[in-house]
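Labels run A, B, C and D following the written order; every chain starts at residue 1.
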Amino acid sequence: MENSKTKIVLGVIGADCHAVGNKILNYAFTAAGCEVINLGVLVSQEEFVNAAIETNAKAILVASLYGHGEIDCRGLRDRCQEAGLGDILLYLGGNLVVGKADFTLVKKKFMDMGYDKVYAPGTLPDEVIDDLKNDLSKRGILM
Amino acid sequence: MENSKTKIVLGVIGADCHAVGNKILNYAFTAAGCEVINLGVLVSQEEFVNAAIETNAKAILVASLYGHGEIDCRGLRDRCQEAGLGDILLYLGGNLVVGKADFTLVKKKFMDMGYDKVYAPGTLPDEVIDDLKNDLSKRGILM
Amino acid sequence: MDLKNKKWTTDAFNTTQKEVLNQWPTGAEVDFEEAVKYHKQIPASKQFAKKMVQAKKDGVTLAQPRAGVALIHEHIELLNFLVKEGGADLLPTTIDSYTRQNRYKECQVGIDESLAAGRSLLNGFPAVNHGVKGVRQVVEQVNGPVQARHGTPDARLLAEIMLAGGFTSYEGGGISYNIPYAKDVSLERSIYDWQYVDRLVGIYAEHGVEINREPFGPLTGTLVPPSVSHAVGIIEGILAAEQGVKNITLGYGQCGNLVQDIAAIKSLEVLAEEYLEKCGYKDCVLTTVFHQWMGGFPQDEAQAFGVISWGAAAAALSGATKVIVKTPHEALGIPTKEANAAGIRATKQVLNMLCDQKYAMNKELEDEIAIIKAETRCILDKVFELGHGDYAVGAVRAFEAGVIDVPFAPSKYALNKMLPARDNNGAVRLFAIGNLPFSQDIIDFHKDKIEERARVEGRQASFQMVIDDIYAISKGRMVGRPK
Amino acid sequence: MDLKNKKWTTDAFNTTQKEVLNQWPTGAEVDFEEAVKYHKQIPASKQFAKKMVQAKKDGVTLAQPRAGVALIHEHIELLNFLVKEGGADLLPTTIDSYTRQNRYKECQVGIDESLAAGRSLLNGFPAVNHGVKGVRQVVEQVNGPVQARHGTPDARLLAEIMLAGGFTSYEGGGISYNIPYAKDVSLERSIYDWQYVDRLVGIYAEHGVEINREPFGPLTGTLVPPSVSHAVGIIEGILAAEQGVKNITLGYGQCGNLVQDIAAIKSLEVLAEEYLEKCGYKDCVLTTVFHQWMGGFPQDEAQAFGVISWGAAAAALSGATKVIVKTPHEALGIPTKEANAAGIRATKQVLNMLCDQKYAMNKELEDEIAIIKAETRCILDKVFELGHGDYAVGAVRAFEAGVIDVPFAPSKYALNKMLPARDNNGAVRLFAIGNLPFSQDIIDFHKDKIEERARVEGRQASFQMVIDDIYAISKGRMVGRPK
């Protein structure tokens, strides 16, 4: 039987180096009982997928802060499908587009790309932890 | 022959006590060569009209800063007509209505009340002095 | 009318009260005994005096906006919005200008037209016209302690109605609500009428109802030197204390130079305590209020935020008990509730970021405190002398003589011979001393300071310099330098 | 690659240059001799170094925004807007993040999509892709001195193109543009590559073209203690000077406590002069830059204006030569040009109101200056020791050993054992010293400060306290107190 803790992959996508939120999310999810595979910043889609496969993670948490989210994030769901990760939970958060924008539209854009949850700038970890617990329990997994 | 200086009546209308701009306008018009009959603050329409009659003034400069301009300023043109001052120049300036407002609309409202010139908040004296020189010279008066 | 700084007799008060309550029909709604009961059920969280004392104890600076509109429900909505969206700690009810001049008929026109137009055509809340019942709706439906803020030379009926209505704080004073707000109301008259207000507050106090009183510190808001507003504030404090007022907030309008602003707040409380003590009023609680820049504002909202935030910073560093907040609409018109809340939010961000910081004492600040104290003492001691020991009488004579002089005041009871200008560091000094009773070394100090600036600017000090200073902040600077 | 703090030989430089210019087709546009001629016709009013030196002489603080968009004409329009509507004194050209990672192909995608979408999909100006000709359009059509601002570990090609393009100032450094911006670029590599950039600037200088260089002071922008950023800045200054750079601006990111912020700027210049002098670089001109709060901002624009204005005030009172300006959109996204201009206007209002005021020296400030100096000396002297007298080698070893440690840095070349937290007055102190080579009294000082706060808050100091501090300003406070 594998390690009892739920594994999640965490990282900041693309050419993005914003590390502070990443470190806090790492800390918060670890404290909440997850095993966090934290890839840090400057993570490619490939690295996300590989890490999830290797560790049998239940969710990938992608952050994009620096504005290039639109270019960096599309296609990740397809890659997951191709890699056999199927409907693995994909969460996305940060400052996803260039500029101050209406979040409803931003959210729709990224949901359409296949992300399960899309979070507004400045979201606090507690909200995400609750959501993850919920989504996992729907899939019969206890966090 | 009367005093060679052009006479103008200056005052702040209604229940308005804003005195700083009034003192500066007084100083500036005096320096520009006018004889200023300065009624100060808290001036009623009647006082404006009486002062203009008594001194044979060529213009009345009405200030309203505190927001009650709409209530205080209407009817002054009629009073002037009734008092035989006919088309004496009526200038109006200050913060004429309650609240931050589109000045084009404000201007129209007060021009319709019969004022010859209506000035935006924060207008500097030089602009007004130039206008007055102009308007007076059109009427054959040198300031 | 025989003006003396002496507690009014019960007879004198009662006789006057009858007249006052007859000035407008709503006066009949006032029932003192019932009002005392009403006050006693007001929760501590809505009591102004308590909140101020607590803030002083905690060493924090509270934020209070200005706000008032013509109609009751709109006014309630406005105040609650300022708490919810602005985070206001203390609430105002700014009274309209007709009420301030006791022109209640014109108020009625304003109320009717506001109803018709669906927007406020009055620049404040006409509390007398709304009466005790109307005022109580505000007190009851608003979430915080409320204060009446106005500018009324004869504010007796307004006080009767607002206090009976449950207001727990009342701004103003016989000098500070006359000289900047009126043209030909004699000081004797307004001081006398304000003794009535203070006595009313004193009677409430004697019945166990603590009402906060606040002389209006900034006066004309335009380059008023600290010692002048301090002298006025302290005199009004003394007059209030004599009538039995126990909870007093003294005010100061930001001049803009940080050292002078901090020195002003620091000296204000010390001086006031000293003079009240000397006069034998030993059980007054004093707090302070710092007004963000009260003169002409820049029209641009971003620049206005700069002025507002700098005011918040100076307030916090000075240690004032509360700060009165300006809005990004200041230069243009009465703010929308959104603009008003934005001003509070910018202010509170700065207050909160600075709440744990102190401005350490240094030589410059010490000197500035010393000069403000010395100047204020010159004035107050001369007032005492002119009044033969009576500050009420002395104040009237002092204004006559120009011993107290308020720059740019509209009142003919101000001599208007003194003229302020900024020195080379932006502190407000005197360009023309007028008849202020300053000692020679103080006079020389001001002269040197103004000359220093004139030298740097390569021009003579003149009225033009004063004008340049009046416009400066609205044009994005503080010292009005020549181009 | 044999890293040493030694001026590169002409041979070494030339060999590398060939490679560098081959990294992307636009490299071929660079013609050094022609570029020197081009620079010589740039008017003084557009020369960054001259403007900085003049400001230092005049004792004023200049305002500089950040700004960059994908397309040339939009970028020009943006910069001119910031001068006209914001009053910017100095201009930036912020480079996009793909360029920073030398991913010029992705830049091209961004440019193409931006053209298609009619809005910038890049978070900055992709100068390498636009080439020398594109860059010159900016220099020529923009009304002010322009500086490249980026975050590029290997910024050699970018430097070649932007300097040949007529830019007169270039931000960055081998440490400050690696540790906060990269994950696995070795320090040895980035310092080496930045020696190339510095040498290029040195060669321009030898040809009579003065280029301003600015190490990136704020590092991760998040609770970085002054001594850490000072140590990095001074090392980068020394490395630059060795390669022949003559005009250096050292930076510091606002921590928020006024005394600490002023002490930081005051100590930075003195320390840098001392160390440069000691190393034998005697003809460098030093200026300073103060960055308005670089960590997480409040989302609300009014609150953001409060943070911006307080940053402007601290910059002015510290006497920094320039201030880098944030915008009311900071927390949410790259600002519109209007929001950017608004940030500058708020900033300039405060700068102008404070330009004639000084913060007088006092005991607290003296102590704070002394502690920053002592800490910085501990670090720098240990770096010198580790490098056996060579600051380049020493810097690499110092990061390995955690002798220099940058909190929250993404780079694996930072040890990440040190943790900062605010003390009870909001100054940034160390909660975990990590391996910083501080003397025992300094270690005790930090311990006491953090314990004092913990006591006040009735909790143990812990990582939770650090997290609370990270969020604090964005939530409207400075010290992250428990609820």
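Here is the rule we go by: contacts are C-beta pairs under 8 Å (C-beta built on N, C-alpha and C of every residue); 3 or more make two chains touch, one makes a residue touch a chain.
Being a predicted model, the structure only gives us computed values, none of them experimental.
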(request) Treat each pair of touching chains as one step and give the shortest count from subunit A to subunit C. (result) 2
(message) Please tell me the distance, in whole Å, between the geometric centres of subunit C and subunit D computed from their C-alpha atoms.
(response) 45
(request) Measure off the straight-line distance from the CA centroid of subunit A to the CA centroid of subunit D, and report it in whole Å. (result) 30
(message) Between subunit B and subunit D, what distance separates the C-alpha centroids? Give it in angstrom.
(response) 55
(request) Mind pulling the residue numbers of subunit B that touch at least two other chains? (result) none
(message) Which category does the touching pattern between chains fall into here: line, ring, star, complete, or other?
(response) line
(request) Give the pairs of chains that touch; include all such pairs. (result) A-D, B-C, C-D
(request) Please name which positions on subunit D make contact with subunit C in the complex. (result) 256-259, 298, 300-303, 305-310, 312-313, 317, 341-343, 345-350, 352-358, 360-365, 424-426, 473, 476-479
(message) Going by the contact rule set out above, which residues of subunit C touch subunit B in the complex?
(response) 97-98, 100-101, 103, 106, 109-110, 113, 119-123, 151, 180-183, 220, 222, 295-296, 299, 329, 331-336, 339, 408-410, 463, 467, 470-471, 474
(message) Under the stated contact criterion, what part of subunit A meets subunit D in this complex?
(response) 12, 14-20, 22-24, 27, 40-42, 66-68, 70-71, 95, 97-101, 121-122
